Structure formats: C-alpha cells, structure tokens
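The structure under discussion appears below in the form of structure tokens.
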Amino acid sequence: MSNLVQIAYLISSILFILGIKFLGKTKDARKGNVLSAVGMLLAIVATLVNLNLATFPEMLACVLLGGVIGLYYARKVEMTKIPEMVALFNGFGGLASFAVALSDFFLKSQLIEGLDTVNLISIILSILIGGVTFTGSMVAFLKLDGKVSGQPITFKGQHLINLMLLIVFVVAAVLVFLNPGNPLFIAVLVVIALVLGILTVIPIGGADMPVVISLLNSYSGMAACATGFILNNNVLIVAGSLVGASGIILTQIMCKAMNRSLVNVLLGGFGQTVSGPAADGPQIVIKEVGVEEAALLFDSASSVIVVPGYGMAVAQAQHVIRELMEQCEKRNIDFRFAIHPVAGRMPGHMNVLLAEANISYDKLIEMEAINDDFSNTDLVFVVGANDVVNPAARTNPASPIFGMPILNADKARTVIVSKRSMGKGYAGIENELFGYPNCLMLFGDAKQTITKVVGEMKEMS
Amino acid sequence: MSNLVQIAYLISSILFILGIKFLGKTKDARKGNVLSAVGMLLAIVATLVNLNLATFPEMLACVLLGGVIGLYYARKVEMTKIPEMVALFNGFGGLASFAVALSDFFLKSQLIEGLDTVNLISIILSILIGGVTFTGSMVAFLKLDGKVSGQPITFKGQHLINLMLLIVFVVAAVLVFLNPGNPLFIAVLVVIALVLGILTVIPIGGADMPVVISLLNSYSGMAACATGFILNNNVLIVAGSLVGASGIILTQIMCKAMNRSLVNVLLGGFGQTVSGPAADGPQIVIKEVGVEEAALLFDSASSVIVVPGYGMAVAQAQHVIRELMEQCEKRNIDFRFAIHPVAGRMPGHMNVLLAEANISYDKLIEMEAINDDFSNTDLVFVVGANDVVNPAARTNPASPIFGMPILNADKARTVIVSKRSMGKGYAGIENELFGYPNCLMLFGDAKQTITKVVGEMKEMS
Amino acid sequence: MQIGVLKETKENERRVALSPDVVKLLRKKEFEVIIESGAGEGSYFSDEDFKAAGAEVGPASAVYQADVLLKVNLFSLDEIARMKEKSACISYMYAYQFPQIIEALNAKSITSFSMDAVPRISRAQKMDALSSQANLAGYKAVLLGANHLGKIFPLMMTASGTITPAKVLIFGAGVAGLQAIATAKRLGAIVECTDVRPETKEQVESLGGRFLTVEGAEGVKVEGGYAKEVSAEYLEKQQQLIRDKIKDADLVITTALVMGKKSPILVTEDMVKSMKTGSVIVDMAVESGGNCALSEKNATVVKHGVTIIGEANLPSLLPVNASNLYAVNISTLLLHLASKNGLNLDLEEEITKGVLITHQGELVHSFTKSILNQ
Amino acid sequence: MQIGVLKETKENERRVALSPDVVKLLRKKEFEVIIESGAGEGSYFSDEDFKAAGAEVGPASAVYQADVLLKVNLFSLDEIARMKEKSACISYMYAYQFPQIIEALNAKSITSFSMDAVPRISRAQKMDALSSQANLAGYKAVLLGANHLGKIFPLMMTASGTITPAKVLIFGAGVAGLQAIATAKRLGAIVECTDVRPETKEQVESLGGRFLTVEGAEGVKVEGGYAKEVSAEYLEKQQQLIRDKIKDADLVITTALVMGKKSPILVTEDMVKSMKTGSVIVDMAVESGGNCALSEKNATVVKHGVTIIGEANLPSLLPVNASNLYAVNISTLLLHLASKNGLNLDLEEEITKGVLITHQGELVHSFTKSILNQ
Amino acid sequence: MDASALIILIYVLVLASYLGFELITKVPPTLHTPLMSGSNAISGITIVGALIATNELGYSTLSKWLGMLALVLATINVVGGYAVTDRMLKMFKKK
Amino acid sequence: MDASALIILIYVLVLASYLGFELITKVPPTLHTPLMSGSNAISGITIVGALIATNELGYSTLSKWLGMLALVLATINVVGGYAVTDRMLKMFKKK
C-alpha cells in the first residue's frame, strides 16, 4: 500500500473519532455526521487509488446500485420508522463483512501462500459476528416493522440450544483450521452463525429492540474490525473498534435509562412496554421521558408554562421549580405559571406555595388569562397536576369533572408531566392527556426528578 | 524485539492509560498511581529481558543510584515543597530524554547504516524539547524554592531574542541534516535548547509556576514520545503522548481555574498574587478557594456550621443554602446554622430569611448554644457575615465592636468565607479572620458562588 | 329578568350579595339589577359604583319588586312578608334549622335556593360559597388570634434574647383549617393540625404543617368530603391526644363541623384550664354550637386566663373579598338556574336538585326533609 | 444591692420591667429583687412565677425601699415623691421632654438612667430597648393594620375569582420599618418602602421589599444611624412620590422619627382623601407628633373612609415578648452600671455617659441639656 | 501476517476501543438514536474491504461475487446510514 | 525506519494523544498537583530508552556515557515521581 493511502486512512480514522465525539453532543451532532461521512469518502477514494482500475465498472455498478437503494430508503422512510431502517442498514453492514470474509477465504485458499493463523481466526470471527449481526438485525427489523409479532418469543431450552450451536461452531472452526480446503466446514460455520442471529433476537420483546439494535450495531463494528485484521488494514480496525466499543457503552447507557440490565434484556421475555392502564377505562399508551431529555427539551424551548397541582405541594417541589425558572430565564426562555383556580386542595394552595418559594406574583397567570396562550407555547410542564388538565372535563359528559374549566395544557407543542405513577387525581379518573402524542411522562417524585432536570441543565450551560 | 516484549509493552501502555484515568478521580487516584507504577516496572523488565546482559552491572549501578536519590528526596521533602520536587524530577526526565537522543545520535552516526530522516527529526525534536524541559524546570525549581526571586524577570526584546534563537535552531537543524557528521551543529542545537528553556521561564511569575510546571511536564512527555520515534518503540510513544496531551489539557484547566489564558501566562509579567489589603490597617494575606475545591471540602466534612450574615440577605442566598444543606444531609453531614443575635440589619433578620427558605427551626442555633461547638466542627461556612465573626471584638479594645460577643467561627478546623470582595461590614473595620491560616475566601456574590458549589457537589455524588 | 339585592340586616354583617364587577357581568348577559341603596357600604362599594356598573339603585321597596332576590344571610320572616308571591330568592339558608322560614316561603309559593347546599362537585366549584367564605375565615381566624396573643408568631434570635415561635394547634383540615395552617405557617408559627379524615394528613403536610394522627383512626365515616359520624372510641382517643398537645399551644383554632349536626366538643373546660395563661382559642364552629365548651357566640371572653374568640361571622370581617367572592358564587348559580327571560329549572339536574329548597309551595329538598322528619 | 420593680401605672401598659427569667439571672449574681405585687399580670407573669425565680413580692411601699427602681415608663412625679433620697432609677425617660421630672429627681438627688439614651454602639446592643421594642412594634403594626383591613394580604387564585394582593406602603426603614416589611411580606402583601437614608435601599430589598427612591436624594444628614435633618427640597420631592403611591396603597405604616424633634408629617389630609375607602394607616410615630396629619394618639379613627390607627404603645400589645426583651435590656444595663454592692459608675465610659441623666442633684446628660437650653 | 505486525494492529485496536468507550459517556438519551445510526454508518467502513475483495480480474470466482454482494450491501449501509442520520439531526435543529 | 512503519507509529501517537485529551477533562483542582506529579512519573518512561542506550558493550563511547547519565536521571524521575505522588495521595485519603 502506498504511504499516501496510509496517510489518508489515518486522516479518515481521525475524522471518524471526531465524528463520534461530536455525535454525542446536541449542538455538534450534525457536524459530527458530516465529518464521519467525509472520513468515509476519503477512505473509499484512497482505497480506489490503490486498486486495479480494470474492475472499475463492476465496482461502479455495485456502488451505484447500493447508493441508490440506500439513498432512496433513507429519503423515503417516515421518521417514525427510523429504528427499523437503522436495523436494516445495520444488517446489511453485517452481511457485507460476512461476505468479505468468505470472499477472502475463498480467494486466499486458492493462493499459494494460503491462509495464516491470524487470517483464519479473523475470518471465522468475521463470519460469526457478521452472520449474527445480519440475521439478528433482520429479525429486529421485522419485529419493529410489525411484520412479526413484537412480543418476545420464548420456548423451553432456548438457551441450551444456543449453547449447543456455539459448541458446534467452535468444533467446526477447529476443523476449518485443520482442513482449510474443505468448504463443508465453512458452510457449517455460515449456517450456525445465521441461525444464532435469529435465535438470540427472537426472545427479546419489542420495547427492548432499541437496545438490541444498539448491540447489533456494536457487533457490526466488531465485524468490520475483524475484517480489518483479515486485510491488515488500520482504518477498518480503528473505525470498527470505535463503533464496537462505543456501541457497547451506548447499549449499557440505554439499558440503564430503561432501568434494565443488559443480561436481563438479552435473556429476553421481559420486553413489555411500560404503561399503567387501569383495569377499567380505555388503554392509555404513554411515552416516558428521562431527566436528560427533559432538560434538553427545556433547553430548546423558547416559552414554558408550568402547571402546578396538588402533587407539587405533596412533593414540596416549589423551591426546585424556582431553580428551574432561574435556569430557563438565564436562557431567555419565557417562563410563566398557569394557576388553575382549584389546583391543590384549598383555594389559593398554589399561591401560598409559590410565594413561599419567592416566585414573583407577576409570573402567576390566572386560567382565563393564559388559556389562549398554550397553543403558542413550546413546552408545558405539568407538575403533580392531574384533574385540572384533564381533557375529559371538556369532552366526556360522563366524567365527574365534566363542565369544570381546565387549563389547555394539551394544546401546547410538547407537554411534560411530572408525577410519580399513573395514579389518579382527586376526582379519581383516568387522564387521557397522558396518552396524547405530544405528551411525555416524567415519572418520579416531583422534587427529586426536577432537581435532576435542573442539574442536567446546569451542566449544559 | 521479541513478541513477548511487545505484548508486555502493550500491557504497560494500557496500565498507563488506566493510571491516568484513575488519577483524575478523587476516589481512585492512589490506585491509579500504583497501576501506572506497575506499568513502568513491566516496561523496564521487558526491556531488560531483551537486552545484552553484559552491561547489567553498569545499568544496575545507574538504576540503584537514581533510585536511591529519587526515593530519598521523595521521602524527605516537606509536603509544602512538593511543587519544587515535581519540577526537579520533571527536569531530570527532560534531561534524560535529551541525553538518550544525543546518545543515539552519536551511536547511529558511527554505524554504517547511519541516521535516516525520521531518526534525525526525532533526535532534533528530542534535544529541543528535552533541553527546554530541563533548564525550564530548573528555573522553575529555583524560583519556587526561593533560591531565585519568584518575581517575573522581564526585559525589553525578550520575545525577539527567543524568536531569533528559534530561527538559529532551525538553521542549525538543517545543517545537521546536511552534515550529520559534524558535532558542531549538534552542539549549537544543544546550547540553544538549554538557553531557550531558561529564557522562556524567567519572565513568568511565582504564582503562575504551577501552570508552567504542568506545561513543562507535558513537554517532558513529548520528549519521551520523540525518543520513542527514535527507538521505534511503542510504549514510549503511547506513554509520552498520553502525558503530552493530558499535560496540555491540565495546563489549560489550571489556567481557566486561575482566570488566566495560557498565552497570558507564558508571555509573563502578570504573576502577582491576588490579595486585597486596604491601604489602612494591617496587611492581611488571604487564601482564595475555588468552587470545586469548596465543594470537595464540604464533601469531606462530617460537620458543617453555616454563619449567615447581612450578605446572605443582600444576595438572597437563603434558598440556595437550603440546597447546600440538602446536599450535605444526603451525605450524612451534620449541618446547622449559627445565628448571631445581630446578624443582618434588623432583629431576627436571618430568621425571617431562613424561614422563607423553609429551613426548619431546629437547625437554627443561638450563639450561646453553639459557640462551644465550633472547635469540634470540620467546616464553618460564613455567608456574607463579617462583623459577627470578627475576632477583633474579642481582642482589640480599640475596635468599635470590642465587647460584642461574636461567633467563634475561627475556632473551627476550616473556615470558608463567601463574600464579594474584601469589603468591610457594618462596623467598617478589617476582619483579620480572613487572614487566618484555617480561613479560605470564596469570592463572588453568595448566591452565585454557592449555586456553583452545589452544582459541583451534585456532580460528585 | 330583574335581580334584586337587599341590604343585609343581620347585625355586624358587612357583606353584600353582589359586587359592581359581577353586576357588570350580569348586565352584559342582559339581566336587570336593582340594588338597595347603601347595600354595599360595609364592603366599601358605594351606590355610585353600582350605578356605574349598570345597576339601578333604589329603596328596599323597589328591590322587593324584582323577580329574584339575592342576599347573603337567610331572609327573615319580615323580609319574606314583603316579597312578591311566586318570586324567587337565593341566600344561605341552612333550611333544616328554620322550619318556620320554609313555611313562610311556601305560603307565598316562593322558589328558594340555598347557597349552603351547593353540591361539592367539580362543576359547581365556582358556586361554592361555603368554600370561598371558609377560605377567608381561615385566614381571618389566624389574624384575629395572632392579634389577641401577647406574643409574636415567628422565631426571632435577637440581641435581647431569643423569642421562641408560637405554637398553633388547628382542629379540622377542611377549607378553613387548611387556610389557617397556611397563614399561621406564613407568619412563622409552628403549626399542628388534627382531623378525623385520614387523607388530610398529606394535605396538612403539603402546607408545611405537622399532622397529629389519632392512633387507630378507624370508625370515621366520610361522605361526599364531609365527616359524617365519628365513633365514641375515636373521640376518646382524640381527646387524649388533644389533652397532651393543648397544654403547649399558644393559639388554638377549631374548625370541626359535622354537616347537619351540632359540632363536636373538642376542647373541654378542663383542657382550657390546662392551657397557658394568655393563650387564645378561636372557635370557628361557634355558629353550630362550637368546638370549645366555653366559647360564646359573637363574643370574646377570657376564661381561666385564656382568651376565647367566638366570632360567628369571620368572612364579614373581610367584607371586600368576601362580597366579591360571594357575588361570583351566587351569580354563577343564578346563571346556571336562569336566563334573562326567567328561571329555567331542570329539576333532575344535580346542582339544581341540590340547591332548590322550596318550589311551588312545597319543600322539595330531600336532605332538609330528612333532617326535619327525624 | 436591692432592685425594685414597680407596677406600671400608665394606662394600657401591660409590660413590666423584669421577667422571672431575668430575675433568676440577677439572683445568681447575688442581687436582691423585690417586685410589686401584680406587676407582671399584664404580661402573664404571676407573683408566684416571680417568687419561684427568687424575687420577693411585696406592696409598692416595700418596693420603694430598694436601691434602684426599674420601670418601663417614666416615673411620675407621684412616684418620685415616694422614692428614697439618693436612690437610683432606670426607665424610658425622653428626659428632654420633661424638665419638671428632672427637677424632681434632682431635688431628691436621685441618680436616673434613661433606657432611650443607650448609645447605638455594638457593645450596647443587648441594652438597646429602643431596638427590641421597635422590632415588636413593627410586627404588631402590620397585624393591627391587617386586622382592620377589609381584605386579605396574599394573592389568591380561587374558583370564585382572583383576590389581588394587598399593597403595603411603609415609611421609614428603621428597625420597626424593616420588621414591618418582613411581616407584611410574609403574609403575602406587595411591600414598598421609602426612607431618607439611601443605605436602607439594600436593606429593604434584602427583605423582599421594593424601595421607593426619591430622585435627587441629597440633603439628608445622617448621624449615628439616625436621620437628623432633611432639606425642604427633599421633603417636597418626597411628598410628590408619596402622593403618587399612596392612592393604590391598602395599608400604610409610618415609622419616620427624627430624634429629639417632632416627627415629620408625611401623610397630609389631602393624601388621606386620595386613598381608597377602606384602606388603613398605622401611624407608629404618633407618640412624637405623628407622621400622618389626621392621626390621633391612642385612638383609631375613620377619616375620609380611611381607618387611621394611632396606637402609641404597640409593644405593650405584645406584653410577653416585650417584657422579656425589655427585662434583658434593662438588666444588662444594670449589670453594666452596678455590682451586687451598689452602683459603680465610670462617668467617662461611653455607655454610662450616654444613659446617665441626673446624678448627685444635677442634670448631667449633654444631649438633654442641649435640647433644654435651646 | 507476522506477529509483530499483529501486535501493532492490536495496539491500534486497544487504543481505538478505549477511545470509543471514553467518547460515549453521558450522551443524552435524545441523541441515542442518531448516535446509533451515525455509528452504524461508520461501521459501513467494511466497504473498503468489499472494494478490495471486488478488485479481482475476471468474473468467475465465488470470492469476487461475494465481494460484489458485499460492496452493494456496504454501500447501502454507508449511504443510507449517513443520509438517514442527517435527516434525523436536521429535525433536531428545528425543534 | 520505513514510512509505513512510521505511519503506524503515528496512528499510535494520534490515538494515544486523543485519549490523553479525553481522559483529563473535569479533574477537580485538588487533584491537579497529584495528577501532574503522577503523569510526570509516567514521562519517566524514557528510562526504557536510557536502558537501551546504556546497553552497549565497552565503556568508552560518549553515547554510552550519555545513556548512563540518562538512566540515572530517568530513574530519579520514575522512582521519585511515583513515591512523591503516592505520599501526596495518602495525605488526601486522611482528610
């Protein structure tokens, strides 16, 4: 390889590193993606420079074909289907590594010098990881897409079968070593890798899929890394191991955010969505939000209305809400409170508490005065309020609060609701606001969670 | 080099990385130091394995000599002299790299294959960086040790001279390239490198020395790295570049903590200590503390007494002090308030404010009841109080507050005082408590600085 | 439809049933309003204010010609005598206590609505005068008590010594009790509260008060938010708890009501004796018999060194706020019951059913009937 | 040395010069204490309490035999007539207002000390009864005012409408003014304050109040913490500012004193007329002439619809705290002046020089002399 | 490959992996999906391997066909991955 | 040294430097001194170079003398550096 190519590889490795670094920061994420794309282009061009141009037509055809397909799907896919798309692309990446490994195997096994130990180990690893990545990603894709039930599919002896397959794989791998010429053993490896991918993903439930995809993503990085060892190529190793390692960490972070352990996720059978529909009433499907994301939502809002309720009083969260206000005002975010006339348990309950927290009177707006402003508001933060923002009061004549005027929190662009659980309010009825598409639940004691949100915001600035 | 040695080098590289990582965390710092020491030992042993044992006696002698000297000084030095010691050791490290480079130069220039470009460049860099590190560190050592005035020494045309020396260095370096056999040019390089080290450090003032040492430390890493290129040795490169890069970042962090820019420090002439003695009254020499360190002091205390004063009222810091209390109580730190009867500007001023912040009455202790407890208290936090903790009331019959009973804040193990400046209190007199050895000043508006301290504490947990 | 507002005749009553702001609102809905001259004086609303708002101001005789008469307090027999046949009236009534008034109303076939009977459902919150007035009363009780107390509420550490905070003990965490907690707490007192309903614990604590739990708090029936019946055993235990706590209290405020019944005696003479000289009791239940054995209605007495305040009409001491809120309550109810063309009753509707006492010469209110038939 | 405490004779005075706690302290220092029977009643200290603390309790005649007599209020001519020759006495005196008292004291060669003359230096803070009593008065003024006001202080958003917060306007940010700010603020009012001394701005804001600055606030002389002299131009501008602000105020509290002078009139009759009906003024300067033109000493009057409270002795309405603090103040001064063997005066010492009015038949207090010689 | 070359590759592997670990700590959850998608695109670097595998003259060999398959798939991964990540991040900006 | 070997060394250099940057962010100021001292000890890795330089048979050459000088100095740096860092950190624990 020419030195220039090597230097180009070095530069693209650096670009990948910077790309990943930036992707982890809200502000720079897009720049990060561009950087790593430039790194990729550089790596491709450098590779081409070194290659025999005679095969250029085929390569061009392949690249064009792949490029068009990739671009088409990337453009067309609905935003909600992005996880599926990532799974699909990831599977293709895994399959590509798998194919390169096989290709190299067949090529080298025909050459005189043959395959050395490092080559063989790398090829076998590449087949295993690439194969698992491929079929695993496909199953994940089908589950997410709804083509296959999102429910975990479990059966007895599942783990035993996986273990046995692995043992067979190892035996076949040893046989390949001893007899590299025999394609049968390679075929066994191929089949087992593909089957393992399927078996490891089917027992995992729909809600856990993002974690699985992240893990498979990490695998595809490792597969690329193994390919790098096959081809003795640094940029593959750097990029592959970067993705491999960051993917594993990311997987763990995601598990933690879901309060699950990785083992727990992988062993499967737990993946039901969190949701607290009562036995009566309609099924409300909710979206949860974490404190970090909540902090980001505040950070990016330009207007915020807080709707305090009895839960704020119970949690004694008024002081920390004042801190939240200070953080927002530091960012020039318009910050007000919408006081429902019967919020809390006594007339003026919210007033007493907010005054105690030294929140100036002119931030507190009566219901009538603020109700029209909700639709122009980026973010409504409902703190321990329930009945006073329950749309049932407008729509459901059967509900005990029908006819009570409520705060139009649901009209805002985004609503975050801080409460401990799906527990009901004073009136004892379900609140369908919690299931609205623009509503995110921030579960936990209001004081504790908001303290964390404020902490995150302080770090951001 | 045998593969085993290479693997040993790889492992010691990893140990260095982990060592540096752990050194950055309060809890693990000591473990980190041990890890990196083990890495060093491994690297030395691996190197020895590969070497010709015939020279073992000389090597043993050298190592023993160096080891004894190093250990002796490390044991003997007073804790207050550690910065000097680090500077000294660092200079030795630089000189070692410098010597290795020269040695290699003379060795290779006698060999048939001679010096290739990479070798030569590495050697020249090693001489430059190693030389600067050596003499620079020596000057820093002398300044810190008081053997040479700590004051910045500046003269006209300083920067011009440095520039010219650099140009001469480059010219000489080119000449070395053209005529590697001529030791004259090498001699020129050596001299210039050593002189440059002196010239760059003398204009820097005593207070900035820690920054300079950190920078020189980074240089010595780079010198080791250059040596690695000379010897084609990975562990030198990894360790050297780790130290080089982390040293630079550390230098910048330190500059930021001092509110200085690196350029500002290096150009010199600014290095006076901060202190705010008024024109009248005795010179009070104070020690400042930063928010991070203040947070660490809270974190490690087991009992804290807050002494609020009028400044707390002015800053409206009562709410954030309650947060501080929450942080401390989470750590099981005993946390109380000592209320001086005339703190503030009206009877009960502090009571009103602390009640507003919802601090329960039983945390507030009267002066008489708490005054004996100060001597058993780890940390007293004086927030915007001044006269009520002024020891002059006990000792100085001429002072207008003489005879007023005061809070014995000065009796505590450590005192942190939060105020904006060295401004006086109601009585208009100096407070010599601020100059006591156990007293640290945390300057800035009380609300703002305490908010930051609380932020730091939240991050720690 | 013409709405008439009479001047209150009860002694010390400073409220009025409508405020100028609310008159404006009613005028916008095309109701006619006539106010008795001087009716707003006690609340600092002048006749001019009312005129400016669009009301007619006239003598009582003119007001009696209105289709519906509004008052705060119950209409007296004299007043009923001056009312038109088949007209309507709204006020507090506590009808189960006054059978002769019901008879008088029925004799004239007057349709009467009682403000104290508004059902406590979410929809009716804006008409709930009990809540709006109790809220003000809770605030006022603390101020009155604090004013009679020989010490200050907050803790104060001063050069001349430390003043310990006052201890306030509150019975009943209903609307008035909660507001009393909030107000006493604001002023810096240490506040403790007890109630028979266990869910009030959280509410008390949400306001920074300490809740005193009666061990084994079973045997309390709660219905529609009201405490209904309390077992003898419970009362016994409660008494013990109170006995322990009341000795240290500086200010005691009692708000315990049981709807339709005489209020329970929570503070006995013995307990009063055990209290510190100079301490104060505000008995907010004095109207319905009192929670303190020694309290006297509409009088402040000192017994065993303890000042006992039996002010029966606390909201009237905050006439501006009280009238403003009452006016909103009564007008909201009125708008629910009537259009500009006259009453428009749906006898099956929950609120109407709740507030309607007499109609077409008959007592129709079931709760009142049930009490009177006992 | 025997200390005697007389029962206060001034009307409505409920304080007493010593408290049982302080008696205990004096007994520990081997002073003898005799208290007139019933002296502590107004502050809820019984004779038994005093006896338990180690005091003797006896009739007035016995008390007059003591070496030093303590009181809160100035000794009257009658009382002086009953005092021993060459004995000593401590109380509030405002001696420059009462030359005939000085003569009477001198006639009997009584050594007298005035509590209102304690210098305001750090060392003397524990003897500073002006501060300790003003502090209580500031709290009480707000409570009195709030109690007379027809509305509540805090903002409240309720189902029956929003109650806007009360506006409180305070004149003078001395000790009383600051405590009034704190108390009104606690209760939820919007508080504004004005003072001639510019440094009070920061102090007012430190308590959450808004400071009203008089533009061009020069021409104010401040001496030893007291406002001394205010230029006519300044007063003019201040008047204008007040005129603008007072129209919206619900409660006005005036505390502006100028030492040794009649208090400045800050609220004129015109201004009172411009105020809202039902609003309240508490004139805390009424004793020294009043800050409000219409206030009457020791009376609550309603003028132009505004309630004007002229309570001259606010601390006495908080007798428990007031007596406790005053007792600390007076005993600390006494301990400064005397040992158990008798008075022990260092006539050059700052505090002694500050408080000593008459001594050995002569008026020795320079400030009093300077005023009387004018 | 000789062992010393392997060791140096392992150096690179170790350093890059550690760097990967260090880089992804405290990423806010909102960025999980784009980060996943973006790093997924990077893992398409295997395209370099695919190019090399395809670079064999003549059409017949199995390994060449496999290489071409790999090339198509890797290109989809790379192009699609970057494009979809960018779309996602664009959406973020607007918010 | 040939260029491709150099490039691989540069790979190592770049990755290690970046790692160094990443590792030292947000170190609390109390740890500045020990961290400085600890990494100073690591920079004594030049001892490996000194050992190699000393490993020449015979006593006469300049380069050997230089190597020995380097070895003494580097050993001081290493031994002294680690020891003093440890002392410092021990003190921290106690606090």
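We just call them A, B, C, D, E and F in the order they show up, numbering each chain from 1.
Following the convention adopted for this analysis, contacts are C-beta pairs under 8 Å (C-beta built on N, C-alpha and C of every residue); 3 or more make two chains touch, one makes a residue touch a chain.
The structure displayed is predicted, hence computed values, not measured ones.
J.: According to the touch definition, list the chains common to the neighbour sets of chain A and chain B.
T.: C, D, E, F
J.: Going by the stated contact rule, which chains contact chain B and chain E alike?
T.: A, F
J.: With centres defined by CA atoms only, which chain is the most remote from chain A?
T.: D
J.: Please name the chain that ends up farthest from chain C once chain centres are defined by their CA atoms averaged.
T.: Measuring from the centre of chain C, the most distant chain centre belongs to F.
J.: Any idea whether B-F or A-C has more C-beta pairs in contact?
T.: B-F
J.: From the mean C-alpha coordinate of chain E to that of chain F, what's the distance rounded to whole Å?
T.: The mean C-alpha positions of chain E and chain F differ by 35 Å.
J.: So, what's the distance in Å between the C-alpha centres of chain F and chain C?
T.: Chain C and chain F have C-alpha centres separated by 83 Å.
J.: With chain centres taken as the means of their Cα atoms, state the distance from chain A to chain E in Å.
T.: 18
J.: Touching two or more other chains, which residues of chain F qualify?
T.: Each of 8, 11-12, 15-16, 18-19, 23 in chain F touches at least two other chains.
J.: Give me the residues of chain B that touch two or more other chains.
T.: 13, 17, 234, 238, 316, 341-342, 347-348, 352, 356, 358
J.: So which stretches of chain C touch two or more other chains?
T.: 125-126, 131-132, 135, 154, 156, 158-160, 163, 186, 188, 208
J.: Okay, what are all the chain pairs that touch?
T.: A-B, A-C, A-D, A-E, A-F, B-C, B-D, B-E, B-F, C-D, E-F
J.: Touching chain E in the complex: which residues of chain B?
T.: Touching chain E: residues 1, 3, 6-7, 10, 13-14, 17, 234, 238 of chain B.
J.: For chain F, which residues count as touching chain E in their complex?
T.: Spelled out, the residues of chain F in touch with chain E are 8, 11-12, 15-16, 18-19, 22-23.
J.: Sort out for me which residues of chain D touch chain B in the complex.
T.: Residues 121-123, 125-126, 131-132, 135, 175, 178-179, 182, 186, 202-203, 205-208.
J.: Over in the complex, which chain A residues touch chain B? Could you list them?
T.: 316, 319, 322-323, 356-358, 455, 458-459
J.: Of all residues in chain D, which touch chain A in the complex?
T.: Per the stated touch rule, the residues are 154-160, 162-163, 165, 188, 190, 208.
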